[in-house]
Amino acid sequence: MGTVPLLSDEEVSAEALAVFEDIRAVRGTDFINNFWRALAHDPVTLKATWERLKKVMGSGALDPLVKEMLYVAVSTANGCSYCVHSHTAAAKARGMTAEQHGELLAVIGMAMQTNGLVTGLQVDVDEVFRA
Amino acid sequence: MGTVPLLSDEEVSAEALAVFEDIRAVRGTDFINNFWRALAHDPVTLKATWERLKKVMGSGALDPLVKEMLYVAVSTANGCSYCVHSHTAAAKARGMTAEQHGELLAVIGMAMQTNGLVTGLQVDVDEVFRA
Amino acid sequence: MGTVPLLSDEEVSAEALAVFEDIRAVRGTDFINNFWRALAHDPVTLKATWERLKKVMGSGALDPLVKEMLYVAVSTANGCSYCVHSHTAAAKARGMTAEQHGELLAVIGMAMQTNGLVTGLQVDVDEVFRA
Amino acid sequence: MGTVPLLSDEEVSAEALAVFEDIRAVRGTDFINNFWRALAHDPVTLKATWERLKKVMGSGALDPLVKEMLYVAVSTANGCSYCVHSHTAAAKARGMTAEQHGELLAVIGMAMQTNGLVTGLQVDVDEVFRA
Amino acid sequence: MGTVPLLSDEEVSAEALAVFEDIRAVRGTDFINNFWRALAHDPVTLKATWERLKKVMGSGALDPLVKEMLYVAVSTANGCSYCVHSHTAAAKARGMTAEQHGELLAVIGMAMQTNGLVTGLQVDVDEVFRA
Amino acid sequence: MGTVPLLSDEEVSAEALAVFEDIRAVRGTDFINNFWRALAHDPVTLKATWERLKKVMGSGALDPLVKEMLYVAVSTANGCSYCVHSHTAAAKARGMTAEQHGELLAVIGMAMQTNGLVTGLQVDVDEVFRA
C-alpha cells in the first residue's frame, strides 16, 4: 500500500466523484485506476491534474500515441514504476506495436547513454544549437 | 571547457577521423559538434556510440522526428543541458514546428508532475497494467 | 530482501548495538526500522549517519515537521520508495495533517512540472537571482 | 540562450500579455523573469502553469515560505539550476534567514545521502510505514 | 510482471537464442537472468546491448570488479532497483568483500550528499578544474 | 555566481577557518576550492561534511583513486556539473590515465543505457540476486 489508502467511489467527496465520472465518460470505461483513487484525498489537486492531463494528452499538433510514448520516456528517466506501467499500457491501447515499443526503448537507452557520456565529459554547448 | 579538451581533425586518431568522416557523410555537412570532438579521446567508444546512434535514430517503426522528441524528453528528465540543446536543434532540423515544440514541453511537464505525485503517494500498480 | 540481510540485535556488533540503543532512547520506542538494520553491516557508517541525522533533523531554525516534509520532497524527486514511506510516516507522527500532506504533494508536483519546462526551455538565469 | 528566444512584452500574444499583467499585479512588481518570457511561446501552457502556480504556492495549510523551501528541495534533487536560483531568491524574499537556508541545505544533503544508502541497500519497506 | 512477458528459450527468435548461448558461454553458466529474457523481444537491441556490455565490462585499464562497483554507483543514483541487485550480485561474484561493499555505499552516500549541497549552493566551477 | 557569495579567508568564522586550515594540511596545498568557500556560511555543516569526506575518501578496503571514480559516476548520474569537474580533477591528480578515464565513461554510459532499458521494461528482480 501507498502513503495514503486508495479511496472507493463511496469514500470520495462529491467533487472527487464528479472527476471520476468525467474520467469514465472521456475514457469510455468504468475503470478508475489507482492513481486517481489515491489523489482523491485532495479533490482540488485531483481536478486540476485531470483537467490539465485531459487537455495536454488529447489530439493536437502531436499524435496522442506519440504523447504516450513521450510520457513513458520521461517516466523511465525518472524511475517512476507506476507511470511506466500505466503509460505503456495506454500506448498499447492506442496501438503501439511491439516493434514500436522496441524502438521506443532503444531510443530511451541511447539517450540515457549519451546523457551520461555528455555529462561525464561536461561538453560545452555548440553555439549553433542555441536559439 | 569540459573535463577533456575538444579535439580538432588534426588531433584525432585515424580511427576517430574515419568516424568523423562517416558522420559528415550521413549528415551531409562538414560540421562535427562538440560531443564527438570530446568523445574522440576514446576512439572505440566514439565508434560504438556513433554506429549504434545511427541505427537507433534512423527510420524504422517510429519516425525520426518522433525519435528526436523522445531524446529531448529523456534528456530533459535527466537534466542534460547539452543534450536538450542538441536534440531540440535536431528536432527542429527535422521539421518540428513551434506548436509541436510547445506540446512536447507540455507533455514533459505533465509527466514530471504526475511522476512526482505518484511517487509521493507510492501508488500500487494496477493489476491490469502488468503484461 | 535487499542486497544485504537485515541484522537482528543479536547479530550486530557492540558498536552497532550502541547506536541502536541511542536510536531507541532518542525516539522513545523499541522499534528499529529496516534501514538501520541493513546499515548495521558497517558500524562506522551507521554511527556517522545516525549522529548526523540526529543533529540535522532536530529543532533549530526550521521546525522538525518542516524538515520531514523537505525530506519527503527530496526523496520523491529521487524516487526513493523506502524514504518516501519512512519520512511520510515521520511527518505524520509529527502532526502533518491530511491537508498539509495534500499541499506538500501539490508543491512537489508543481516543482517537478516547472523543473521539466525550465530544463526543456534551457532558460538563462536572471541576473537578479544571483547572490 | 535557451532553446527558444525570450519574448519581450511587444512580442507576446495578447493572451500571454494578460498573464504577464496578472503576474505583475499579484507580485507587485513590473519585473517578469525569464521563465515566463520563454514559456510565452505557448500561451496556453503559460496561462495554465501560472494559474496553477498561483494557487499552489499561496497561503494554505502550509506557509508560503515553507512551500518555497520545498520547491528548492525538489529543484535541487532534479538538478534544475534555474529553479534553484529563482526559488532560493523567492524564499529569501519571503524572509528565509541565512540560518534557515543553512538548515534547508543540510536537510537536502542528509536526504540525498540516505536516499543513496537506502537504494544501494535496497531496503524493504517496514510494514508499519504503509498507510 | 513487467511491461512485456519474459521469454523462455523456446519462445525467442533464433537470433536472440544465439545471444543467449553466447551469454552462457562467456559466463560459464546456463542461467539467463530476467533482463535478457525481457530484452529478447527486440533481438537487435538484445544483441547490440550484450555485445557492447561484454566489451565494456571486460578486463582493460580498469579491473572488472571496479567496473561492477561503478555500475552499482550509477544504478543507485538512477534508482534502478533491478540494476542495483544484479550488479551488486555481480560484484560479489567477482570478490567484493563486505568491507568493500560498505565503502562503496559510503562513497555513494557521500557523493549524493555533496551533489545536493553543491547544487543547492549553485557553486561556480573553479577555473583550475577545467581541462 | 551561486545562491550565496563565496567567502574569503577574511570573511569566514574562526570555526570555518579551522576547517580550511585542516583542508590545506591534509591536501598539502593552500588552495581552497569554491565548494568549501560557499559551504562556509554554515560552519557546522562545513565541518561535518569535511570530517566525513576525509574519512570516507581516504585509504581503506578500496583505493582512493577508485573512490574518486565512483564519485564521478554518482555525480554524472545526478547531473552535478561542479562535482563531475572537481572529482575528475581529483581522479587525475591521483593518477587516473586517459585510458582509465575513457573506460570510466564507457561504464557510466553502459549503466545509464541499461538502467533505462530495465526501467522501461520493469523487469522483476531474479530471486538469485537477493541477499
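Just so it is clear, A, B, C, D, E and F label the chains in written order, and each chain counts residues from 1 on its own.
Going forward, a contact is a pair of C-beta atoms (placed from the backbone, for glycine too) under 8 Å apart; a residue touches a chain by one contact, two chains touch by 3 or more.
A quick note: this is a predicted structure, and the numbers were derived from the prediction, not measured.
Peer 1: Which chains lie in contact with each of chain A and chain D?
Peer 2: Both chain A and chain D are touched by B, C, E, F, going by the contact rule given at the top.
Peer 1: Answer with same or different: of all residue numbers used at the interface between chain D and chain F, are over half used by both copies?
Peer 2: different
Peer 1: I'd like the angle of the rotation relating chain E and chain F after CA superposition, in degrees, nearest 5.
Peer 2: Rotating chain E by 180 degrees superposes it on chain F.
Peer 1: Could you state the distance in Å from the CA-based centre of chain A to that of chain F?
Peer 2: For chain A versus chain F, the centre distance works out to 34 Å.
Peer 1: Go ahead and note the Å separation of the Cα centroids belonging to chain B and chain E.
Peer 2: 21
Peer 1: At least two other chains touched by the same residue of chain E: list those residues.
Peer 2: 1-4, 44-45, 49, 52, 74, 76-81, 84-85, 88-89, 102, 104-106, 108-117, 119-122, 130
Peer 1: Going by the contact rule at the top, pick out the chain B residues touching chain C in the complex.
Peer 2: Chain B residues touching chain C: 72, 76-77, 79, 81, 84-85, 88, 104-105, 108-117, 119-122.
Peer 1: Give the list of chain A residues in touch with chain E in this complex.
Peer 2: Touching chain E: residues 79, 84-85, 88-89, 98, 101-102, 105-106, 109, 116 of chain A.
Peer 1: For the complex, give me every residue of chain B touching chain E.
Peer 2: Going by the criterion above, the answer is residues 1-5, 44, 48, 52, 55, 130-131.
Peer 1: Quick one: in the complex, what on chain B touches chain A?
Peer 2: These residues of chain B touch chain A: 1-4, 6, 31, 33-35, 38-39, 45, 49, 52-53, 56-57, 60-62, 66-67, 69-71, 73-78, 80-83, 85-89, 97, 99-100, 102-104, 106-108, 110-115, 117-126, 128-130.
Peer 1: Inside the complex, what are the residues of chain F that reach chain D?
Peer 2: 3-4, 41-42, 44-45, 49, 74, 78-80
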